[in-house]
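Sharing a structure below in structure tokens format, with a few things to ask.
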Amino acid sequence: MRDSANTPVPRRGLVALAGAAVLAEALPPRPALAQGGPLRVGLMLPFSGTFAALGENIAAAFEMHLAERGGRMGGRPVQIIRLDDESNPANAVQNVNRLVSRDRAEALVGTVHSGVVMALVQAARERGVPLIIPNAGNVAATRELCSPTVFRTSFSNWQPAYGMGLALGKQGAKRAAWVTWDYAAGNEAGEGFRQGLAAGGGEVVRELKLPFPETNFQPLLAQIPGLSLDAVGSFFAGGGAVQFVREYAAAGLKERVPLCGSGFLTEGTLQAQGAAAEGIRTALHYGDGLDNPKNTAFRRAFRERANRDADVYAVQGYDAAQLLGIGLDAVRGDISAEKELTRAMRGARVDSPRGAFTLSPSHNPVQNIYLREARSGENRVVGVAAEALADPGTGCRMS
Amino acid sequence: MIVASRAGHAALALAALAVALMPLWASGYHVQLASTALVAAMFALSLQLLVGAAGMVSLGHAAFFGIGAYAVHLLPAGLSILFTLPASALLAAAAALPVGALSLRTRGFFFLMTTLAFGQMLFFLFHDTPLGGGKDGVFVSRPALEAFGFAFEVPRRSRPTVLLLLNLGVLAAMYAGLAALMGTLFGHALRGIRENEDRMRALGYDTRRVKLAAFVLAGALAGVAGHMSAMTEAFVNPELLGWHRSAEGLLMILLGGLGALHGPILGAAAFVGLGEAATLLTERRRLVEGLVILAVVLVLPRGLAGLRLGLLRRREPAPVAAAAAEP
Amino acid sequence: MNPAALEAVGLTRRFGGLTAVSDVSLRLSVGELHAVIGPNGAGKSTLVNLLSGELRPSAGSVRLGGADATGWPPWRLAQGGVGRSFQRTNVLRGMTVFENARLAAQSRAFGLSRWLRAAAAEAGPIAGARAALARVGLSEAEGAVAGTLSHGQLRLLEIAMALATAPTVLLLDEPLAGMGPEEGERLAALLKALSRDHALLLIEHDMDVVFAVADTLTVMVDGQVLERGPPDRIRASAAVREAYLGHEV
Amino acid sequence: MDVSGLLAQVLNGLQYGLLLFLISSGLTLVFGVMGVINLAHGSLFMIGAYAAFAITRLTGALWLALPAAVAGGLLFGALLERVLFRRFYRREHLDQVLLTFALILLFEEARSALLGNDFHSVPAPAVLDFSVPVTAAFSYSAYRLAVLAVCLLVAVLMFLGIERTRLGSAVRAAAEKPEMVELLGLDARRIHMVVFAVGTALAMLAGALAAPLQSVYPNMGDGFLIVSFVVVVVGGVGSVAGAFWGALLIGLVDTLGKAYVPGAAGLAVYVLMAAVLLWRPGGLFARGA
């Protein structure tokens, strides 16, 4: 047992692991032993599939911060166990089982896909394993499903869209439509957009939706001219965003009704969108040209380490590592001290490249939402859409 | 379809005993994996009632599995399993009734296509509407283990063991029930329909009604399997209803052997084991799965167990066009 | 004459432009062996399929025991007492002879409330199946898988299955086809015996057998009834001789 | 409801329906002639789309992808028929289902290994990268109109091929009554291979045409496969005309449903299918139903 705890758990070492596990089952738990060995942190992220690039950036930035700390948190060496979740919700529960039961991860970081993250949240709630979500924005994770052991270093779907709606309303837009895939992320963002726009003095007059991940946008686009709108807000991501932005322009709508949206509409997609995206305004908690020393240093370091440019996902992964580090330092590596660990993390002030943030009572970042404009392949920050915005955290009752 | 001999049943009982004792000899992870396999076996067994017993190949069966699972979410939390289990079965049966009544107006390939389409319709119902919490799925609170005023509190540590035994018990009951069913007049009628439906009609059997009964019963049993899935994983998502899962059920049946009632149980164990081995060997799980299916259908058309007796198989004699719709 | 057990009134069936059966009326009564003869393509098998419900008539009606049964599906006519054999052997080849006969017998025990009865405990169907097999002389072979039987045995099993459903009407479509002379003779005797307590419709090409056993003959040509009557009269009919018998007998 | 909006929606519905026709006509023919259900038919569509993506990325010319998809589809289909499907005509449904399910997994895996799992958009050819105003306030991309025209052309060619050529009439006979092939002394093997190759080519052509409209993404064939099944059930057995009218009907119902009954958008086509099953279980356009 001592040996197996000191060496990395190999993916193929199932037999050895099973043998060790039998021993572990037979003997009472020995916390003293656990403290001496490395702390096993499970990184459950997509390393293949549609979101592989996001997973790689999150993991790389997480490991970068760990390296900055000399590979230790709270005085203990940290051993990272990567597991590819393929963004496949069908295998999510089993994958979490693999990390927690087979590989004995003591803290979890993950993931991108909002369906897969549910299995992680459940493990955190049921088994008390601390979890940091470095991307997936389902509002539920920090609202009704909030838990003392669940933290997020990214955003809630509500936040960027609220910022966009607010900025739009303040600019004088009165009537807007909301276009999205009809699924949780799109509808949560839609809720934010509606509330933000209302706070700014405007109104969402129509919601246009299509099933995820269909890309037959034409039936929706054909309705827009008849609605006499000041703006169209939208939530799409990845290839769907590329397709939507291009078709929006091709339908001749871009000049008539300005398109805007939650930042993912143009995040990592500007190359493919080309001229169709030029001038589109979006809101997000990060952007290009964000000028602060932390960001500059972070981007340079990431570029050196990973040989590619940092993006919002890398920032979120980096901050996940920072947050875990703060918690473990406070308990000097004794992760079994759940109460003190979570108290320290809850009260953390994370010095993020996006600008420092704190956590709301439901463990979601309280952060600036920046207004950005797509200009020659970059999402340039042109202002702050909403300052120190907190997710309302409705329905969260920490037990 | 044959039911195992006395020796076969003894072997099955021994295997069940070994599974029941797993918490003593296997890791916690493998105990959970065994629960997954048991649930898969329930699902495949319910599908076997259609495919093996009555010769109806359905690609929409997972929808009823998923509905059984979602029933746990839709019902109020904290109810006893004595209530939620039958409720899941009933809800799944209620969905299977109209789907079966419509699909059974067709035969053969058309049956396959219509079940697939209706199955996907139910999938979209949970995937695209707020009914079940959307595409990301939702947590469910596990039904309570209480009966007749006696509540059984399960501490977190021993939960996998309790779930394992529970799943084993449900699977055993399902198997015993189906074995008995095969010996009833209904079971005989199903077997006759699988052999030669037209002749059965000429003999005086209202074959469509018999098939519908089998379809609804299989749906209800899939609902039971879905309930146990939700109970085991405490999480449901729309993928549970997807047609890929139906196809996986068919694969389990083929792996285990089409001719025997216990085939799907062997097949489910093989399937889960295969998936586990595949993830240990390679990142490309689909590649392994696809190659194994190809190998089985090309090289071992009678399944791993070799239990698909040639005599029990019926060639499809009817021209497709004529079989498309009943007059 | 006994009242009609099964009756066809003006039955017509068209396939696209072709009229396979045209305005055929027919009465089958218990105690009578009614044979339908005619050249190939005369519509004999179509007539059987109309009477057993496999096909729906384009016009005309089917009456079962005096009540209208037009458009009933096969299973319902079978439940009403119409048993049939098929021109091309149609049994459950993967099952044993006994299982085939028992399934046939069980169809009558298969009321909705009885679906879940254990088949092994149902004495009636088991006895019925044995009796039917005994009557056609297949008792010896009851353990054999149907797919392994000889052609003659399969023809007998067809009849045994029809018998096991305890029908009042038997529609037998060329039961003697492909049988040896000895087998044929025995079967002819069986048919004659069966006609005493069944209303029996026989389609057959072997004229010697037909004229030996039939009480009434209907001659069909081109989907229509050409002539009807006792064997002597048919044998004497010039029209029949010209249209049909002339070049076959 | 404004009339010009409706016009745009009808145009959308027709374009979607014609694309569906290319996919489902192959499905229904393969099914009618050989009695094989091909679940991997949607994957062939996916392969066509990814091929268009790859060709466009390599050469920058989408128009090259169309003949490539047709030629590649003919070859690939003939190969599949020769190596795999030929052995399965007389096998049980279950075996056919699992064979073609395995092909889906393998095709997706090959796609993943060769081209990755990303969602890619495919640019429309530069010549057609402009918009044609269809109503005062709404424009329609020229490429969509071109797709409409190509699909119509293919449909006309198919009807001519099936109605006017000897091979076509053999295929028609085989689809209506498979046993006819042997009675008429036709070369069944040749007919099977031709039908399968043409069906594959049509699906891949549809994929290539759709790539700029739909983008390409993993499992993109799944949705089309299911809807094509609905088309075949609604249209009727083994009949190209049934597939044509069925596809247009489904295309219009789906598009108009999404535009005007957003709450029940996804369900409209299934409701239609249920109605057809109740009313004419053999399909709306089945002969002699």
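Order of writing sets the chain letters: A, B, C and D. Residues in each chain are counted from 1.
Keep this in mind: a contact is a pair of C-beta atoms (placed from the backbone, for glycine too) under 8 Å apart; a residue touches a chain by one contact, two chains touch by 3 or more.
By chain, with names taken from UniProt: B = Benzoate transport, inner-membrane translocator.
It should be emphasised that the depicted structure is a prediction, and the values quoted were computed from it without experimental measurement.
S.K.: If you walk from chain to touching chain, how few steps can bring you from subunit A to subunit D?
M.R.: Counted as steps through touching chains, the separation is 1.
S.K.: Determine the set of chains touching subunit B that also touch subunit C.
M.R.: none
S.K.: If you count the contact pairs for each chain pair, which pair has the most?
M.R.: More C-beta pairs are in contact between B-D than between any other chains.
S.K.: Look at all chain centres (mean of CA atoms) and spot the one farthest from the centre of subunit A.
M.R.: Relative to subunit A, the chain whose C-alpha centre sits farthest away is C.
S.K.: Distance between subunit C and subunit D based on Cα centroids, please, to the nearest Å.
M.R.: Taking the average C-alpha coordinate of subunit C and of subunit D, the gap between them is 48 Å.
S.K.: Take the average of all CA coordinates in subunit A, do the same for subunit B, and state the distance between these two points in whole angstrom.
M.R.: Centres of subunit A and subunit B (C-alpha means) sit 36 Å apart.
S.K.: Starting from the mean Cα coordinates of subunit B and subunit D, work out the distance between those two points in Å.
M.R.: Chain centroid spacing, subunit B to subunit D, equals 31 Å.
S.K.: From the mean C-alpha coordinate of subunit A to that of subunit C, what's the distance rounded to whole Å?
M.R.: That pair's centroid distance is 75 Å.
S.K.: If I count partner chains per residue in subunit D, which residues reach a count of at least 2?
M.R.: Each of 112, 266 in subunit D touches at least two other chains.
S.K.: Can you list the subunit B residues in contact with two or more other chains?
M.R.: 124, 128, 313
S.K.: Connecting every touching chain pair, does the picture come out as line, ring, star, complete or other?
M.R.: other
S.K.: Every pair of chains that touch: which are they?
M.R.: Listed by label, chains in contact pair as A-B, A-D, B-C, B-D.
S.K.: Touching residues of subunit D toward subunit A in the complex: what are they?
M.R.: Per the stated touch rule, the residues are 2, 5, 8-9, 12, 16, 112, 116-121, 131, 133, 135-141, 144, 213-218, 223, 255-256, 258-259, 262, 265-266.
S.K.: Tell me, which parts of subunit A touch subunit B in their complex?
M.R.: 11-12, 14, 17-18, 21-22, 24-25, 48, 84, 89-90, 92-94, 97-98, 101-102, 114-115, 117-119, 121-122, 125-127, 138, 145, 182-184, 187, 211-212
S.K.: Mind pulling up the subunit B residues that touch subunit D in the complex?
M.R.: 51, 57, 59, 102-103, 105-106, 108-110, 112-114, 116-118, 120-121, 124-125, 128, 243, 247, 250-251, 253-254, 258, 284, 286-287, 289-291, 293-294, 296-298, 301, 313, 315-316, 319-321, 324-326
S.K.: Within their complex, state which residues of subunit C touch subunit B.
M.R.: Checking each residue of subunit C against subunit B gives 52, 54-56, 73-76, 78-79, 84, 86, 90-95, 102-104, 106-110, 114-120, 122, 145, 147, 161, 165.
S.K.: Can you check the complex and tell me which residues of subunit B touch subunit A?
M.R.: 23, 25-30, 32-33, 36, 124, 127-128, 133-139, 156, 233-235, 237, 239-240, 242, 244-245, 280-281, 283
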